[in-house]
């Protein structure tokens, strides 16, 4: 992805450094697509009945990560309170989704990959929150 | 909208009462569409240069309200932590967006309508948060 | 919903009349929320195994209707080709989703309500396409 | 991105080969994020007044690419008609957006990068359409 090059072509400077924003955008996007895929893979399993909680949380996490990515990408007139609270919601969603996927990780590779994308996204969002101007 | 009838046809009971969830879904949806429209109306104004902050915040608020509505609509295996933190992000976005739109409310009716949709959504989300099982 | 009042506060005129655009926005939004709810209600049914196709199509239809609504709401510098092709995708998704929900309509009220929201949305989008400047 | 590995962990086979689906998902996601960024970068330019059409089309294209990516990612019970018509809408949006961005490409690097992401996405979606079972 050319995220950092793209963000670097913006006329205004990012309120936080691009070297932390760009990886966070990418982690959110990757997590959104992997959660969408995990929900769908769970739906395709014969054991779907035992995976309903996983599907539910995947769908929530996908929506939240996608929205967080969009807000992170925007650099014009960023409101720090909005950015912070959406990042916090993203951290919570990723943490809960990783915990749920962990339960099915031994059985399903898609849950394993999803757990790892969620943990990565949680960590990077957490890190970005700690860098935000307070 | 048939939101309450639809949510009432769900096989599982809502963790909070439908009489509070349904209006919250509708407030989020209305706020999302009105913020999308306000961003676009600002973009169509001759004075767009002075409305860039308003457009930016409208876009963020639209994305956040839309995601919040989706999470609220889902009743299967709801995770209360995800719901709560996304509602909190929604409250923040609506508050900031209402403040921004208020600045342009005398000039632009779309900002006035958007301010009022945001305030309504903020209030109803706030109320729902206070009803969540702690 | 205050859709028509909001769209009427826009500085530029709609390329098609607001009296057809506003109901189409609302039909798309209603269909999006009802498909999201139907997918989740199906997921909560004991018979989820027999509803996987319905869930899948509901999720697609929700995403497509939501995107179509956003594009319809925007009136600044509308591109007719984009609008037309997205409306066509919406018509297809609603038709397929209504057909799928019809199969489960006797068993599940949420599928019945979803079928009817999809048919309504298909019809209104179809009508709007026929009014677009060719 | 681990798109191909993730899609490969799905219990059901893709109706088209993963070696064509995975790059198409990634092209749509990249285009969505770059269009979101281009809209925001245009909004941050002093010359925003001359970029309103570009912002508008960027926003439409971002929404359409994002929805297309989600539908592509899902492999359970894919409906070929929905997939095809959404891909066609995506091709149209990318073509129009590339044409618009080309007009500002000499002045703005973000428009240049966006034009190239749109052309890439258009080409890959086109290719995938030609591979769909008819």
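As written, the chains take the letters A, B, C and D, and residue 1 is the first residue of each chain.
One rule holds in what follows: a contact is a pair of C-beta atoms (placed from the backbone, for glycine too) under 8 Å apart; a residue touches a chain by one contact, two chains touch by 3 or more.
The shown structure was predicted, so the numbers you read here are calculated from the model rather than taken from an experiment.
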Could you work out which chain's C-alpha centre is the most distant one from the centre of chain D?
-> B
Using mean C-alpha positions as chain centres, tell me how far chain A is from chain C in Å, no decimals.
-> 27
Compute the distance, rounded to whole Å, between the mean C-alpha positions of chain A and chain B.
-> 21
At least two other chains touched by the same residue of chain C: list those residues.
-> 40, 43-44, 46, 52, 56, 59, 66, 70, 74, 76-77
Report the topology of the inter-chain touch graph, choosing from line, ring, star, complete and other.
-> complete
Across the complex, what residues on chain D touch chain C?
-> 52-53, 56-57, 59-61, 63-64, 66-67, 70-71, 74, 76-79, 81-82, 85-86, 88-89, 92-93, 96
Spell out the residues on chain A that touch chain C in their complex, using ranges where they run on.
-> 40, 43-44, 46, 48-49, 52, 55-56, 59
Listed in rising order, chain B residues that touch chain C in their complex are 1-3, 5-7, 9-12, 25, 29-30, 33-34, 36-38, 40-41, 43-46, 66, 69-70, 73-77, 108-110, 113, 117
